[in-house]
Amino acid sequence: MRPVPQSAVLLVSCADKPGIVASVTAFFARHNGNILDLEQHSDDESHLFFMRLEWDLRGFALTLDDVHREFQPIAQQFGMQWQLCRRDTRARVAIFVTREPHCLVELLARQRAGEWPADIPLVVSNREDLRGVAEQFNVPFHCLPVSPDNKSAQEAAAKALLKEHNIDLVVLARYMQIVTADFIRDYPNRMINIHHSFLPAFPGARPYRQAHTRGVKVIGATSHYVTEDLDAGPIIEQDIARISHRDSVEDLIRKGRDIEKIVLARAVTAHLEHRVLVHDNRTIVFQ
Amino acid sequence: MRPVPQSAVLLVSCADKPGIVASVTAFFARHNGNILDLEQHSDDESHLFFMRLEWDLRGFALTLDDVHREFQPIAQQFGMQWQLCRRDTRARVAIFVTREPHCLVELLARQRAGEWPADIPLVVSNREDLRGVAEQFNVPFHCLPVSPDNKSAQEAAAKALLKEHNIDLVVLARYMQIVTADFIRDYPNRMINIHHSFLPAFPGARPYRQAHTRGVKVIGATSHYVTEDLDAGPIIEQDIARISHRDSVEDLIRKGRDIEKIVLARAVTAHLEHRVLVHDNRTIVFQ
Amino acid sequence: MRPVPQSAVLLVSCADKPGIVASVTAFFARHNGNILDLEQHSDDESHLFFMRLEWDLRGFALTLDDVHREFQPIAQQFGMQWQLCRRDTRARVAIFVTREPHCLVELLARQRAGEWPADIPLVVSNREDLRGVAEQFNVPFHCLPVSPDNKSAQEAAAKALLKEHNIDLVVLARYMQIVTADFIRDYPNRMINIHHSFLPAFPGARPYRQAHTRGVKVIGATSHYVTEDLDAGPIIEQDIARISHRDSVEDLIRKGRDIEKIVLARAVTAHLEHRVLVHDNRTIVFQ
Amino acid sequence: MRPVPQSAVLLVSCADKPGIVASVTAFFARHNGNILDLEQHSDDESHLFFMRLEWDLRGFALTLDDVHREFQPIAQQFGMQWQLCRRDTRARVAIFVTREPHCLVELLARQRAGEWPADIPLVVSNREDLRGVAEQFNVPFHCLPVSPDNKSAQEAAAKALLKEHNIDLVVLARYMQIVTADFIRDYPNRMINIHHSFLPAFPGARPYRQAHTRGVKVIGATSHYVTEDLDAGPIIEQDIARISHRDSVEDLIRKGRDIEKIVLARAVTAHLEHRVLVHDNRTIVFQ
């Protein structure tokens, strides 16, 4: 079990101007808040400012509710969008799958090993294939089959389940169904997908087949927030593997699995550690 | 200086059937040809067979002319396409450039250091910018400016230069002009380009700008044989570098240069060592 | 489930001389054996020859017993060491663990997903920690605690278990005990370990602590056959991850896990596909 | 030519305590200094604080001399070690070489292409081999041959040359001589070496031979500051390349060159951009 830090995170974005860091850090200094990690990013083109600040709650003079109130004047002065999160708050994560087990096992095993301050109260699938895997980890498995006729009813059922379980984050772990815009809007920047190519190459169906046909020497995987544009949402993490002419489509699928699961796990970790901000369909992923 | 092996290479492609390797290797055993390296590839989908065989010329009983004649029956029996090349034959390479020096320096420095059994008798450009680099390496530099009016005259001049210098391989080392189909047909699988993205992502102009806009976490470079379809020829080599939200377009350009030059050099090396076969717009790159 | 090929593998090593490939391939051609994959390697320094040949059993005129007998003259002529293995023979694998679950989960999940033609009839540990993981996958878990007094009795018990279960391959998946020379000799080139550093850097205990102290920018993992020299056996596979000054020892441990499990899985895959030969404390890993 | 930013860098290290960032950033806010980039690092074990702050000189109310004076009270309050550097100050770099040209060409070509705000007024060697390369780039080449008898005289001559040319940074670009402790002390954290292995593996002579003998599957290169302990100084940058049993020692040397030159260039870039701090034989490399 990884010990969860007794700390909180402030995420900020606003127009860049002199004095932001000074004002924010003075606020924490005033209230005896030791800064554990501060990373800022100024975007040269948009002239926007982004910051992640993590501070120690031990010895800090305020409660988070106090911070919500007392930080308000600074936020207003600079026109900030901002969020506050305790690192030890456990997120509630739902996993959607179809047939491939590798990403599901990866996520369940990490949660079980205590890598994340998160609970996984349910797995949802349009097929029965992976019920055994979920049950192996004692996680309730909900099969909601999809047919041309019941698409919207199925999604309504899925949404009801998520609501019932107070889900914060939806992870599509090789879920082979298109999610509707309506569903996506309920989880803005809180629905993560893994696509089995280095996007924007090979979006859509059967990317390893496409990669084989094109004869690339490198395959990849991409984890991104889901938006209404298929496979075009903000990219959180990507990685690749070298391949050769010797690799058949089946070899690509097999080698690809190892990248997919690691890339997805890294993206979920970054999200759960409050390291990701989204602007203009791109992510800032603080380290 | 890297010593050039006293050896020759046989490259073969044909329909796959039992007995090919046995027939070919028996031929070399019969004439006392010690096989230094043999690599074969059977493509599961097309049922084609590809082979690269390198054998020692020291102690070998035949001349290459003899091989051309005496191997003919085996080639006919299996319906082979085949080529023979001595490893110590020096290839004649022309380099086309525009403004960016890094790939040109890389190629000239490797040739100068003796890494390749190749001569580079000329550098061609549509601009004057890199004359100094070519002259630094004592390689004649030919500036053939391109305007909307003189495109075909310029290409005719370039083709005449290549003919005059008996060029075997044309390398487009960040040459920022479209080459015509007519020109390309003169150098089938003998014209290598470096494109500054991991194709098929971001073909065409300004790939680093495109990559920045899309917010990818990985950039790449692709070296491929030039075909009439822009940036769509058979890929010889690709590699990538990790980037982050901190990287501006200028940073991508800078980091990309290091991949571009290494990827291009690897592709040229593979070609010059007779390790590349092309089938169906894909390459087999023997190791 | 990955379909297991109806094929067999011949692994050969002997002194290099002309005619080996011709003789071997002629043998298979004679008996209507279509070669699916042939890779050979001639070592320049030792003048040894290594080959892996995989051929189709469908339509092949001989049984494997026939091959054992009829190939004998060729093997003798060239002084070969050789092995024959059917690809569809299921190997029997035992996994040894201590406390860390990630490698164990990785191996069990791959076996369960049908990636390997292998059974895992037991997990052995010197502690109780991972009993739950083994049971989750319905694999019998044997806890054999080690104390200064019972080391040899514990090992005798372990050896008896392996014998009883006809184990072909022993995988030390973060087993934190030294295995005796006597035990190792029972599984020559059939006992695979994962060490959590890029050997030969940081052998022995606490490699991530060592890596942090040294301030490296890259960490790694190494999978190797176990020999009597600690962490010095033939390396099968290695890989690395980039790190920075921001990473604490705990971060290295966390990031290292992802490399360890993938590197170990790749090594086990190579072994189970009969792709590994050992010579002079080094491996030849055919592709 | 890469435009040099009109900015300056403050590098700070001190014992960690609350309020440092607030005090420093308030200083810059007070004088209208827009912060372009701020990265801090708190080391959990040593409880030390490190920071790199880059600010815009355009519109800034003070001169650097003013900063030296007015920042003093803050520095004293926190017991800081600190440095100030303008980004547009051109560093003076000397390169030491022996026989291998690839690193020298890499450094000279980058400087020539305007990648660094640096001049390279001389190349020093113990042999004549690379005179031609230096002359190609119009850089004076000084050959100071080393024999058992003249070691100290040679080093005295080298030191005199460096003094005469006001050298800020010494780069050992495959210089195959041991540098004395006395020489090293003149350039503390200002002498960068490239070692052709992933240290701490394979220090000392002939690392590729050592790597081949050990049978590793990955080779590397390491750039580090030179200290009195051979190949044991603070590591600035490392990278690796995958190899296989097919690679002879000569192949490792060839493949290694591509990593060596890129790793060395990255380390020199980080140093010249004032991104490196050293503590306890480890580096903090700000991004």
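Read from first to last, the chains carry the letters A, B, C and D; within each, the first residue is number 1.
In the analysis below, a residue touches a chain if its C-beta (ideal position, glycine included) is under 8 Å from a C-beta of that chain, and two chains touch if they have at least 3 such contacts.
Computed from a predicted model, the values in this text were never measured in an experiment.
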item: Longest centre-to-centre distance from chain D, chain (CA-based); value: C
item: Same or different contact residues where chain C meets its copy chain B, judged by the half mark; value: same
item: Between chain B and chain C, centroid-to-centroid distance (C-alpha), Å; value: 37
item: Whole-Å gap separating chain C and chain D, where each centre is the average of the chain's CA atoms; value: 41
item: Overlap residues in chain A, where contacts from two or more other chains coincide; value: 244, 246
item: Parts of chain C lying in touch with chain A, wherever the complex brings them together; value: 2, 101-102, 105, 109, 112-113, 115, 136-137, 244, 246, 250, 254, 258, 262, 265, 287
item: Interfacial residue positions of chain D with respect to chain A in the complex; value: 17-19, 21-23, 25-26, 28-29, 32-40, 42, 242
item: Chain C partner contacts - residues on chain D that touch it in the complex; value: 41, 44-45, 198-202, 214-218, 220, 234-240, 244-246, 248, 281-285
